[in-house]
Each structure stands twice: as structure tokens, then as C-alpha cells.
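After this come two complexes, each holding chain A, first together with chain B and then together with chain C.
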Partner chain A sequence: MTLFLPAVEQGLIYGLMALGVYISFRVLAFPDLSVDGTFPLGAAVAATLIIAGWDPFLASLVAAGAGMVAGAFTGILSTKFRIQGLLAGVLTMIMLYSINLRIMGRPNLPLLGRPSALSTAVEALGLPYTWGLVVVAAILVLGIKLILDLFFHTEIGSAMRATGDNPHMVQAFGVNPETMVILGLALANGLVALSGALVAQYSGFADVGMGVGTIVAGLASVIVGEMLLRPRGVFWATVAVLLGSSLYRGAILVALRYGSVLGFTASDLKLLTALVVLGALMAPAIRARLRGEEA
Partner chain B sequence: MILELSGIWKVFRLGTEAVEALCGVDLALEEGEFVTVIGSNGAGKSTLLNVIAGTCRPNRGRVRIGGKDVTKWPAHRRARWIGRVFQDPLRGTAAHMTLAENLALALKKGRRGFSLLLTPARKRYLRKLLEPLGMELERRLGERVGHLSGGERQAVTVLMATLARPKLLLLDEHTAALDPANAEKVLEITERLVGEARITTLMVTHRMDQALSLGNRLIMMHKGKIRLDLSAEEKERLSVADLVDLFRRLGVTDDALLLAGNGTNNAGDAYS
Partner chain C sequence: MRVLTAFLAVLLGISALAAPIKIGITQIVDHPALNAVRQGVIDVLTEAGYVEGEDVVYIFGNAQGDFTVAISIAQNFLAQKVDLVVSIATPTSQAAVQVFKDTDVPVVFSAVTDPVGAGLTGYPNVTGTSDMIDVRGDLELLLELVPGLKKVGIVYNPGEANSAILTDMAIKAGKDLGIEIVPAAAESTAAVPLAAQSLLGRVQALYVTTDNTVVSALEAVVDAAVKGKLPLLVADPTSLERGALVCTGFDYYDHGRMTGEVVLAILKGTPPSEIPVKYQKGTQLWLNLDMAERIGFIFPGSIKDKATGLLFAGKRFTLEK
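Let's look at the complex of A and B:
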């Protein structure tokens, strides 16, 4: 049980990132790799501003804004300049590596002893530190989840969902699919950067390398959640993403604590995560083959 | 004049070869006209519809809708005046969204904000719209469109295309992929919806019997040009055999098209 609270805390904070991946991959059907750059971008912006004496809430908001700009950039590359989606994301990601270093001035910024948005809120509400953090994170993340649900049921949000489903159709109904892709990627990467900002404050540092494998971790959360809940509709899909994220973080904490028994080290985590995602992606084809159908 | 095409040229480059899809097409449609379009493979029928809808920009010529020059407008901007149904039933609807959501998106054409897409009042309205289709779809508003059959999806697509009362409806062989019973049903729905709202319609078909029995004007395209333009009265006097004869005289030797004219309903379905 000592791992339960941290798993949920991290599951929620990283869950914002997973929600972003859900928007680009599932809603827009756009394989957006910029998240590997926008996650540390959020961390870098927030850490730099907090060290400069900014309020941590404001710093996190600016970080989210920076992520939105980067996401919109990927969207513009792919729609207005017809660069393949995967490549557009990779280009943004690689540019952000240099940009993040510029922002921080060095590869790693410690935040120890600096105010953090979540713990400031815990203190302001007078909650005990043991479970206060999980409550504050839950209020924030579930609040954002509900706003997202609502957004995807508005006219413009529904048009965005329809764009990922059938771009020909939305064009015939007066929606510019390019605008929807740009808006959607901005929204997705805004969430990813906000998650990066909160993770930096939670773990006490921002590091230029902290974004490696973000997309795989995000996908793992989305896929695990979908396998468990088989959601229909946006409300349950976002619940599934947050559940998947918490389970994924829990699995990582367990692996870190007990993995050494099996000979695993922390550096094996990315391999294990990728194998989990790979297994989930291969499952439908394997099942079809077992049933004797053409895969 | 609802639609006015003047001197439309469209040349596609395939490698080093240039294919002339449209060679100086002039066409004017009056309000309320229902025009059927026939022509052999590669005659330029689909390109013509693409040029009107804005998914394809002509090399030369002007497109006017309702007197406004829209030649340079992108497709989504023209969409508020144009409804379109394709041959493929999958193209006109979003499979993972519910029937109600699909219809509501069509209803809200061109105007989009942060208000909820589906309100109880709007759902009641959509249910009323579906009832006359006679497919019991009004009970399936919450179901994903992907669960509907091809015929049901195409009927819904036709309804969606006419919902926002477009100035112009483009039908691109929209019953060709359906089995005869469903094709009949979708055609019946099309005629009723178009008639009720008096929507100016351009319908591409490869079935000569359809081209003759439907609508009040018939045009025949061949090699990128309009070769025949028949009024309702002229059309009335023609039989399928006469039409085939006219085709032969124009030098059309497309076997599939001529076969389709032999009164058999499905021969033409083999090619599309």
C-alpha cells in the first residue's frame, strides 16, 4: 500500500500527458511525436520561471501555453506545408531539444526548496501532506478531464472528433480540417507541457532528457486503459486514460522497487514499457491469426 | 442562376503525360433544376463535380454560385451552399460518432461555437427528420453510424447533405455501390428530399434509364466536353434505345456504358 498513493499521484499528473496523447492519437488520429519535446518544454519553462521568482501557478500556465504554441507548429507543418505527420512531430521534437537547453541554460535545473503549484495548494487548503497532494492533483486533473469531456461535446469539439474520423466529411460540412488539426495538436501539447511542468515541480528538477519515451508512456496509458474499460464515448475514454496512467505509474514503481530481484534496473524501464505497448498493439493480429483469420 | 461554369479547363499531369479532364465546359443551372449527367468512363463527370465543390481547382475558367465568383474559394468555404453525396457510403459520415452527432454536425453547417452539439430539443428535431425515411433510424440516434448498413448510411448521408438547405446538391453515382433494393430506396428518399426543398441538383449516373426517368434536364459528357444537353420535353420523347443511338453517333464506344443502356439494371454496376 505504500506505493498506492504515489502511483495515483503520478498517474494523475502524468495523466494530463496521457490525455494529450489521447487527443492526438485517438481523437485526431495523428501520430504526434512532438510530445517527447513538449513534455520537457513544459518542465523547462516552469522551472526557469519558478527559479526566476514567478508564482508556480502562473509558471505552469505559461508552460502550458508554450506547449500549445509548439503543438500548433507541428500542426501547421503537417497541414499548411504538407509534411508527413510523423516527420512534422519529429522535427518539432528535435528543435525543442535545443530550445529547451536554451531556456534552461543547462541540461538540468534543480527545484529543491522552491515553491510548487500543487504543494502550495495543499498548504493553502490546510490538508495534511500525506494525502493532500493526491486530493489536490485529483481535483485539478479530474476538473481538466471534465472540461475536456464538455469541450468534445460542443459543436467545435465534435467537429474536431469528426475530423479524426472522416476529414472528407467535415470539409463537406463547412469545417476546415486543417484548422481542426492545428487546434487539436495545440490542445494536446498544451496538456503535455502542463504535465511536464507539474512533474518537474513534483520531482524537484527539470531535465532536458526527461521527455525521452513520453509518447510510448502516453500510448501505454491510453492502450492499457482502453483494454480494461473498453470505453464508448469521450467521458469513459478519458476515465480510461487516467486509469491506465495510474496503473502504468504503479507498474513502474513496483518495477523500480522490486525489479532488482529479477535483475532489472531503472535503465530497463523504457524497454519494458515499449514491450508492453508492442504486446498490446500486436494482440489483435495475434488473436486473428489464432482464430485462423488473415491478419 | 444558381450555378454558372464558364470556360472550365482542367488538365491533370500524370508523369510526363497530360490528361485533359475538362476541355472548356460551360454550364448554367437555373434554380430548381434537377440535371442528370451521363458519360463514359473518364468523360470528366467526377472532375466536373470536384471543380464545383472546390476540391479541385480548374486551370482556367470561372465558377459562380448564386452569382458569386467562388473559383478561388476552398471546399470548406463553399460547403455552406453545397451538399454532396459520394458513391462510397463510408465517405459521407463519421463512423465512430453517433447518428445524432453526425446529423447535428450537418445541421450546424458553417456555424460552430462552444455551445453543446446535442440538446434535447435538437434530438427531438432529428428524430422527426428520420421518421419519414421509414427505416426506423429514429430509434437508433445514439448508435454509432459505423453500425448501420450501407443503404442506411447512404440514406443518412443524403439526408445530411440536404439538411442545411444547400443551394446546390451534387450526387456522384450515389446509389452505384448499393444493392438494387437499397439503391431504389435511397433514390426514392433523394427524390423526395430534393423535391420538398426544391434543391437544384446535379446527379451523375451511369444508368441511362435513371438519367431519363429522373430530373428535368439531361447532359451527356464525352472526353471532357458537354456533348448533349436535353430539356425535359426532349428527354421525355427519348427511350433508352434512342439515347444509346445518340451515343453511338457521338462516337462513344464504351461497351460498359452501352450495355448499361440495354435496359438491364445491373450491367453498369460492374464498372464505376
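Let's look at the complex of A and C:
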């Protein structure tokens, strides 16, 4: 239980980032690497504002806004200036490294002992701290997920989904696919930055190096979720993303907890994390094969 | 009944004695200096009679450079009910304090350059050691090495919390001493060669602090120093053989031993709140005669008197004082 709760907490908070990656990679079919920069951007903006005395909710919202601007920038580079999507994302990502350092004024800002958006909500609701955080994170993240589901069924949302499938067809219907890409990347990176803002408050610090590996974790979450649920439609697709994210974070905690028992050392962590994820993915196939042989 | 209670108390006492102490050691990345700190802590405890596997069990965590894993490591320590946490470097220490700040489990941080700036002070269960180096002293040493010194180049990673602080301190101290600091930023080991080369022709000496990124790629800075025939001072004694002309500072193994002494004091009953944060002392001064010959540099006599050791023909010689 003591490991299960943190896995779900983190799965939900990082799940927002994974939802952003789902929007760019799956809905828009756009390989957006700006994520490695917009995740710490959210952390940097939120930490700077919280230290300046801002309300943590407002600080997190502004952080999301900053992520949207950065995402739109990648979109504009790619559509208006015809820069290849991968390069546009890389350019935004490396620019943000310097920008994040400027925002914070130094590479690391401590948030220890500062109010966090999630813990403030836990106190306001009068919940015990042990499982209150999971409840608040679940309400927030599932709420955002439901809003996304509704959005993707509106006219703009449907046009955005169609853009990823076939931009030429969308154009025939009088929708500008370039606008959809810019809007979609803004939405995606807004979610990623919000996730970064919450992770910084959850971890007790914002660090300019915390974006390393964000896209890897995000893609892993999206694909793991898809393999497990094989979702049809947006509603189950976003459920799958959150499930994948929780499983990925859970894998890290399981690897930490039981790795040494199995004789692995601390430096084997990444190998072990990948093996736990692989195990979870292959389990259904192995079980089916075993059953098939018995029959 | 009383006999039974006494019997139970003895039984519990024995089992409490028999259960080994669980110490969680978390570090941000595999790095020679940070690994040396970890070894220093363990050696002090072993020498004090805490035998690994019998009296004490170590649980190691290594975030492998992924900052977001640092918090998971700390949560795992909490779940495993460790009796004490040793956190090495700034982000891992912040994550450990975030998880353990509302508990009474002692957290001992190590290799944190600026504990106050990192927000690690003010918790009753948290104390530790700082690896702050004497930046001003290093610049004064460079002034002594290079008469008429006006410009010093620093290669550093602006993304490293410890390094950014030290570079800021160097710029401030430089103003007092009449030295202009020319920083060259390298955000990864791959960027160090270009950053070092960019300083050639613009400075009279090169300085590297305890920057993890730059020390990892020190050969690139040495290469620039040889090309420009510039004296290179590195605030890390282990960098001597790699080609620094002068090394100051302390051994990270000694820093780990100092951290180990803090851990020992806590295990013996001193509450962490009564142990102030300790700053590493005992500066060494090593001169590399091989490198001096290579770049045609002659050490002034005043420096030779201060030196604690020499590197000559690839061998270290400690000077008796």
C-alpha cells in the first residue's frame, strides 16, 4: 500500500504530461520534442511565482499558459515557416533550456515548505494527507481528461482529430489544418507544462535538468496504455494513457523496491524499469500461450 | 504478570538490538566524486563497528540522472521504513527532505554546496555537510601564479546548481581582486571542448570549480590549456593526473567521511537538530610539475612553500610540513 499510493499519485500527475504527448503524437501525428523543454518550463514558471508569493493554483495555471505559448511556437515554426516538425520541436526544446534558466535566475529553486496546489486542496477538503493527495490528484486529472473528451467531440476538436488522419481532406471541408496543428500543440504543451508545475511542487524543487527523458516516459506511457486496453474512441484512449502512466511510474517503484532483493544494484534501475514494463506487456500473451498449450 | 512484562521487555530489547539499522543512501548519478562520498560514509560506520549485514543494512538508490526518480527513491525509503537517510547532492537531498520532513527519521545530506539556498535548513530532523570550496582563495592563488593577472576564464555548466553558485561567487570575488571572470557555458560534457576553446586568446588563466559536467570532461579543458599555454587551476585534487597545473580543494572521500561522522553522532543519540551543518575544511594544494614543463610554466617560490604535494614524472609526492 505504501508503494501503491505514490505510484497512482505520480501516475496521475505525470499522466497530464502523457495526455499532452498523446495529443501531439497520436491525435495530430506530430513528433513533438518540445516536451523535454516545456515540462521544466512549467516547473520553472510555477516555482518562480510561488516563491514570489503567488497562490500555487494561479502559479500552476500561468505555467500551463507558458507551455501553451511554447507549444504554439513549435506549431508556428512547423506550419508557417515550413520547418520540419522534429527540428521545430528540437529548436523549441533547446531554446527553453536557456529561457528556463533565465526565468528561475539559477538552475535549481527549492519549494520545500512552500504551499503546493494539491496539498492546499487536500487541506481545504479536510482529507487526511495519506490518501487525500491521491483523491485530489484523481479529481483534477480525471476532470481534465473528461474536458478533453468533450473537447474532442466539438467541431474544433473533431477537426483536430481529422487533421492528424488526413490534413488534405480536412482542408476540403474548409478547415485550416495549420491552425489545428498550432492549436493542438498549444493544448498538448499546456498540459505538459501543467504536469511539470505539479511535479515540481510534489518533489519540493524545480530544476532545469528535470526535463531530461520526459518524452521517453510520455511515449512509453501512451504506448503501454494502448497495448493493454486497445482503446477505440477518445474516451478509452485517454483512460489508456493514464493507465499507462501509472504503470510506468509503478514500474520504477517496483524496480526500486524489489530490485535489491533479486540481487540487482542501484545502477540497474533503468534496465529493471524497462523489464517490469515489458513483463506487464507480455504477461497476457504468455498466459494465453500457456493456456493454449494446456488445451 | 510483572515477570511476564519484564520477560517481554527483555525479549523486545533483544529483538531491537538484533534488528540491524536500515540506512538509505540516495544519489543523483554515478559520478566518481559522489561514489567516493558514499564510500567515505560507509567506511566511517564500518570502522566504528557497524558491520554491514549484521548491525547495519544499506539500501542504495541511484536516480541515474533522472531528477524525477529522486522522489520515487525517497518514497521507497519511506515504504521500507529506513532509520536514517543519507542524501548525496542537491536535488536528491531536496527530494529526501520533501518526503521525510514530517517524520522523525533523520536525513543527513552531503555534497550540497549551498544548503541554505537549496532550502535544506530549518528542519529538526535534517542536517548535513556542505562541499563549498574557497573560491576567493583559488583566485588569490591564480594572482600569485600569474603576475598582472586581469582575466580568468571559467568553464561551467549553468544548469548545475552548485556550479552556478560557485561561478557567481567567483565573479563577485573577482571584482574585489581586480580580476575579470570570463564564463564559458557548457550544458553537457559534449559541449565542454567548444566552451574551453572559446576562451583561448581572451584570458590569461583557466579555472574549473567542482562542476560535475566539466570535471567529467576535464581532458577537453586541459587540451585548451596546453594549446594556449595557460595555467589551469581545478578545485578537485583527483584532477591532478588528468592534467591540471594546480589542484586545490579536498578529496570527496574525506567529505564522505565527514558526513559519516555526522551519521555516527546521530546513531549514538545526538539529535540532528543539535548538529549544525558542517563545512568541509582542510584544503590541499597540489602542483603538477609535468604540466608546468609541458606549457613552459615556472612556479614562483612562494607557491612551492605552500604546496602540500607535487606530481612529478607521473607520480605524486606529498610534501612534509
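As a convention for this text, the second predicted complex is superposed on the first by the 259 of 295 C-alpha atoms of A that agree within 3 Å, B and C clash if a C-alpha of one lies under 4 Å from a C-alpha of the other, contacts with A are read in each partner's own complex, and residues count from 1 in each chain.
Basically, contacts are C-beta pairs under 8 Å (C-beta built on N, C-alpha and C of every residue); 3 or more make two chains touch, one makes a residue touch a chain.
Given the structure is predicted, the values throughout are model-derived calculations rather than measurements.
S.K.: Quick one: chain B and chain C on chain A, clash or fit?
M.R.: Chain B and chain C fit side by side in the superposed model.
S.K.: Of the partners chain B and chain C, which touch A:Val35 in the superposed model: first, second, both, neither?
M.R.: neither
S.K.: May I ask you to decide whether A:Ala66 touches chain B, chain C, both, or neither, giving the answer as first, second, both or neither?
M.R.: A:Ala66 contacts neither chain B nor chain C.
S.K.: Given the superposition on chain A, which partner contacts more residues in chain A: chain B or chain C?
M.R.: Higher number of touched chain A residues: C.
S.K.: Once chain A of both complexes is superposed, is A:Arg106 in touch with chain B (first), chain C (second), both, or neither?
M.R.: Touch status of A:Arg106: second partner only.
S.K.: Which partner does A:Val134 reach: the first (chain B), the second (chain C), both, or neither?
M.R.: Neither partner.
S.K.: Once the shared chain is lined up, is A:Ala88 touching chain B (first), chain C (second), both, or neither of them?
M.R.: neither
S.K.: Determine, under the contact definition given at the top, whether A:Ser203 touches first (chain B), second (chain C), both, or neither.
M.R.: Second partner only, chain C.
S.K.: In Å, how small is the closest CA gap from chain B to chain C once the two complexes are overlaid?
M.R.: Shortest inter-chain C-alpha distance (chain B to chain C): 35 Å.
S.K.: Do any residues of chain A touch both chain B and chain C, and if so, which are they?
M.R.: The overlap between the chain B and chain C interfaces on chain A is empty, containing no residue.
S.K.: Which residues of chain B touch chain A in their complex?
M.R.: 53, 55, 74-77, 79-80, 82-84, 86, 90-97, 101-102, 104-106, 108-118, 160-161, 164
S.K.: State the interface residues of chain A toward chain C in the complex, per the touch definition above.
M.R.: 2-3, 6, 10, 14, 97, 101, 106-108, 110-113, 199, 202-205, 207-210, 212-213, 217, 249, 252-253, 256-257, 260, 265-267, 269-270
S.K.: Show which residues of chain A lie in contact with chain B when the two form their complex.
M.R.: Per the stated touch rule, the residues are 151, 153-159, 161-162, 165-166, 168-177.
S.K.: Going by the contact rule at the top, pick out the chain C residues touching chain A in the complex.
M.R.: Residues of chain C touching chain A: 30, 59-73, 75-76, 78-80, 90-91, 94-95, 97-98, 101, 117-120, 122, 158-161, 164-165, 187.
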